[in-house]
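Chain lettering (A, B, C and D) follows the sequence in which the chains are written, and residue indices restart at 1 in each chain.
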Amino acid sequence: MIVAMQEKATEEQIDAVIEVMEEAGVNVHRTTGATQTILAAVGPTSTLDLSKFEVLPGVLEVHRISSPYKLAGRAFRPEGTVIEFPNGAKIGGKQVAIIAGPCAIENREQIFAVAACVKAAGGKFLRGGAFKPRSSPYAFQGLGIPGLKLMHEAAQEHGLCTVSEVMEISQIEPMLPYTDCFQVGARNMQNFNLLRELGLVRKPVLLKRGIAATIEELLLSSEYIMSGGNYDVILCERGIRTYETATRNTMDIAAIPVVHKLSHLPIVGDPSHGTGRRDMVPAMAKAAVAAGADAILVEIHPNADKAASDAAQTLFLGQFEQLMGELRVIAEAVGRML
Amino acid sequence: MIVAMQEKATEEQIDAVIEVMEEAGVNVHRTTGATQTILAAVGPTSTLDLSKFEVLPGVLEVHRISSPYKLAGRAFRPEGTVIEFPNGAKIGGKQVAIIAGPCAIENREQIFAVAACVKAAGGKFLRGGAFKPRSSPYAFQGLGIPGLKLMHEAAQEHGLCTVSEVMEISQIEPMLPYTDCFQVGARNMQNFNLLRELGLVRKPVLLKRGIAATIEELLLSSEYIMSGGNYDVILCERGIRTYETATRNTMDIAAIPVVHKLSHLPIVGDPSHGTGRRDMVPAMAKAAVAAGADAILVEIHPNADKAASDAAQTLFLGQFEQLMGELRVIAEAVGRML
Amino acid sequence: MIVAMQEKATEEQIDAVIEVMEEAGVNVHRTTGATQTILAAVGPTSTLDLSKFEVLPGVLEVHRISSPYKLAGRAFRPEGTVIEFPNGAKIGGKQVAIIAGPCAIENREQIFAVAACVKAAGGKFLRGGAFKPRSSPYAFQGLGIPGLKLMHEAAQEHGLCTVSEVMEISQIEPMLPYTDCFQVGARNMQNFNLLRELGLVRKPVLLKRGIAATIEELLLSSEYIMSGGNYDVILCERGIRTYETATRNTMDIAAIPVVHKLSHLPIVGDPSHGTGRRDMVPAMAKAAVAAGADAILVEIHPNADKAASDAAQTLFLGQFEQLMGELRVIAEAVGRML
Amino acid sequence: MIVAMQEKATEEQIDAVIEVMEEAGVNVHRTTGATQTILAAVGPTSTLDLSKFEVLPGVLEVHRISSPYKLAGRAFRPEGTVIEFPNGAKIGGKQVAIIAGPCAIENREQIFAVAACVKAAGGKFLRGGAFKPRSSPYAFQGLGIPGLKLMHEAAQEHGLCTVSEVMEISQIEPMLPYTDCFQVGARNMQNFNLLRELGLVRKPVLLKRGIAATIEELLLSSEYIMSGGNYDVILCERGIRTYETATRNTMDIAAIPVVHKLSHLPIVGDPSHGTGRRDMVPAMAKAAVAAGADAILVEIHPNADKAASDAAQTLFLGQFEQLMGELRVIAEAVGRML
């Protein structure tokens, strides 16, 4: 941590800052130039609240000079994390994984049709939501665990692994038998209690970036899971909120190479939520793979325009099959495969 | 709902859209002008997912032409909602309420000192957090229910009401005896399960705007609570995330008059989170009152610079007393009182 | 234009709104439902200022239901615009164009080295800035017209076309002999006087999206040029400002398919300004091509880390050559070619 | 400037960074801790392009530790700048100045009526636009210099000073005789050529914050004017672009106390552009004064709903008179006067 004092800071102010720094448990190195004094902290600064120092009298600016995350940092595993699943699929390696399925599991026919389609197109992961708290209390709320059982059955039949969103700690236990990968939604990215519990689970976690979260905050949240001993975290870029309204969110494709530079964790692109529009999904899925995404998460449905939720951004099965063919070529063009 | 078709939309496309609209349960009125056809839906459109129609072939744009919220709308209670508390204090009337206290309840001495200060300065509400899940698993996590008991005791001694954040459904029950007003934090603004449960409680709820939430989304979330029968909802502007970094968040003061125009619910300004900086809190508290805020929520602490959390934005007790004097004058200048 | 009245709007309010609409020169169709009256305007509404109606008493919402732009709309030229240049290169067709060069033209040696490199790598366009007003009055301000002459000479020698930024109306005339395509920078996207003048020029204009401009505003600005008779406009996505700071800007890759849907104009991706970081340029250039960009604009320099401006985002020539090879494969993967 | 190296940075990388820093003309102090090396630059770093260092191999982060602006910094004039005008009015002192007038000067009758109203209400400044380049080429473009003469005449008659927007360098000279204060619009905040010319003028400049500009960038732009010798710069907060659409812009009221902390320059609040809605202007004007604004800039018009531009955000004269009364009370409540 570096504390830069104002040019007119007094000796008393400097001493007071040094005292607060020392109380926080760090060693302080002082450098006084012609116009300005700089205090450098050496020690365990990653958990310090920098803003506490910013408002001390005489302080100009405070900067953290080491990453606030450790386990998630690229240096922790320079070779990158590859996560293996029971069906042999991997996320993080040379293969680009495809995770597809409906927003919500609606019934047996739907989820089995989707599973067959994912399998046929070469995908390895089936996704579907069992719990759908909606903005309207009168809207479809999901099938719950019975829905998850259906999805698990469909996945088993086609050798797929399941990915499903967990929304509360109490759901972890009942979901465990039917879930190969727990998804944490954007709204829960900073639900630290939930993250902590998932750190104790021994199944991979797919952590979505919050709608207004920075990449650094996403990495910090992953750190929370990893600090519990669960290192199998997959990050997910699904669009952030900006002033632009032509798409539902602004998909920050650059988050993919940025995460690859800063962290060893794999990162998935979600063009469905990233755009909110079916007609934009293929272009953005291709962009994500071209930028290095380790997987694509995409919403598909046999009757996409009548899906119980997220209809506008859901692909028809035929559109998905066509997209898979296109992604295969792009993956090869960037030295990977589907 | 209005669906505007593209100029080149075919009759088949128009018919298909009409069909989907009718399936959604609305009556459709068609108007065809020289260049464009417009379809107007009459009926229960407030729960429809508009984006579903936007991606249909031939559609140019879709607009909802009625508010998506009903109970929260100004028309529901044109005279405005005034919420009464056990100690006689009101939020929403002519008096501007002051809700003050530490970010986290730390110990008996601290919370009693704060309570005495709030009382002496003329405040009617004591706030304090009992559950503090933090970004670092090693940081202070709050005292839990025992802390809440301490706050309740301190509040009782000084005739104050308590405001405290609830983070999970499971906390509602144990918090009930010690809490006069449940605060829902910004990260939980769209935790619909929690909101639904709070709709069944018969105590007021202070609902904070999410860091990337629109005012409309804030009103929709309040609707969730109200639809359960709990109409005592207080909204709170606490800053939104923008590109500006000079302050921790950008406090959207205009949300105050906008809420007053759109809704009958009272709205509170939180300059502590709104700025994240102790030195900006007084100016923004004054701005909020001048703009019509029904209450001010402010973090204070006897040793503000050593507070266990949010130290940078917490006022010292002396600063709070001074601010109260200034707010009193501003309140009068806008025809209200403290 | 649709004006939706509030549920409680009085007949007087409705009549007053109708009067203001008629004064604005449109015909009004009134539809009164069980709870709400809707007024639809038919006629030349594309130039109306909607906000004028929004603040009239009794009005709930106002929506434009036709595009505010006409010449830039996809319907105007459904087959898409292809712009031809003197050297036979095209932008907007099957080929993905490469526009490369230094941020600023610095000297003969530099610009000739770059031109040779662009030519060798298969590019058709040489870019370079002659006017560089900088945030510091003491920084390098560009070589002006003499620099442009140097670039033109280097381009001629290698059969390239030149692209250079025009910042003021007074620069158009002297730039004309040396410039094949006028670039309008992000800060000038809404400099309507400049756009109007460029509408009278008979050379293509590359119009960059403003740092906080919506896609609709970008299209409206292109309309300004086209309304003067110059239909050869190329749009450019170069990143928008958001709260994320990991990259200098957030490159809105989805703008590429959105523009292709809404407009017939070609769109270029600029990963240099889009990211501000040399190490992110290749991934984002590939993403842009995969998403359908008609051209890539990239900053390159023989001594990239010592470039007079934009050093951090400028590729070395060797990096550019390697990127060209990668882009060639991606272009083919999306059915195009370099 | 502080360059923090990555933990795994090699000696070669460190040496290379030091070399680039020294080439940039600064002295380098190296501190090597247990895990990390930090390089501190002493010398003229305010004009360095930090991003240049960020992309060097082995670099983790780079921070500027001194303000990039000097003349605009609070330390340059700790007592604050007070600007005096020919009619005796001041901006920056104890009095809160009122600058009011139509968006565009339309005709003699209009501007004289406004001038009389401003005078009667106690205002000292008359504003009005003479040049109005509009998004539509068919819309009203302003009266030009003849309009300015009208405004000047009206101002003279009532002892007011004139404020008018300059859009191009060529307009400065003809505007000079009729303009007491040159306004630079949000779109020109970084038109450095224009700012440089205004630095040579000996009349005050009112500099508006760009729609996506940070407060630091606003101060840097003011530095550009001041470096030419014109120290009479007035800053203006007029709303920034965010994801919220309830108001046209999000007025960043906190910019007022932030500027007062960082700079000695006065700052004006513009609630008309800050909200874009007539019904929100009074609340935000009051908020701005309560937060410490040195002046309020407000659009008024005798026939506000038929104003040639910005109609929706323009107050009627009666509304303005009422607002003046309210602002007078607020000003006194914060120890100032109107």
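The rule is simple: contacts are C-beta pairs under 8 Å (C-beta built on N, C-alpha and C of every residue); 3 or more make two chains touch, one makes a residue touch a chain.
The model shown is predicted, which means the values in this text are computed figures rather than measured ones.
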Inset, instruction - Report which of A-C and C-D is connected by more C-beta pairs in contact. - result: A-C
Legend entry - Repeated interface matching A-D, over half of the contact pairs identical, chosen among B-C, B-D or A-B: B-C
Inset, instruction - Can you check how far apart chain A and chain C are, centre to centre, with Cα atoms defining each centre and the answer in Å? - result: 31
Inset, instruction - List the centre-to-centre spacing of chain C and chain D in whole Å, with centres computed as mean CA coordinates. - result: 27
Inset, instruction - Note the residues in chain A that touch 2 or more other chains, in rising order. - result: 212, 241-243, 245, 279
Legend entry - Of all residues in chain D, those that touch chain B in their complex: 212, 214-216, 240, 242-247, 250-258, 261-262, 274-275, 279-280, 283-284, 286-292, 326, 329-330, 332-334
Legend entry - Residues on chain C engaged by chain D in the complex (per definition of touch): 20, 47, 49, 51-52, 54-56, 133-139, 167-169, 187, 190-193, 196, 210-212, 220-221, 224, 227-228, 241, 248, 276-279, 305-306, 309, 311-313
Inset, instruction - Show which residues of chain B lie in contact with chain C when the two form their complex. - result: 2, 4, 6-8, 29, 31, 33-36, 38, 40, 42, 60-61, 63, 65-67, 75, 241-243, 245
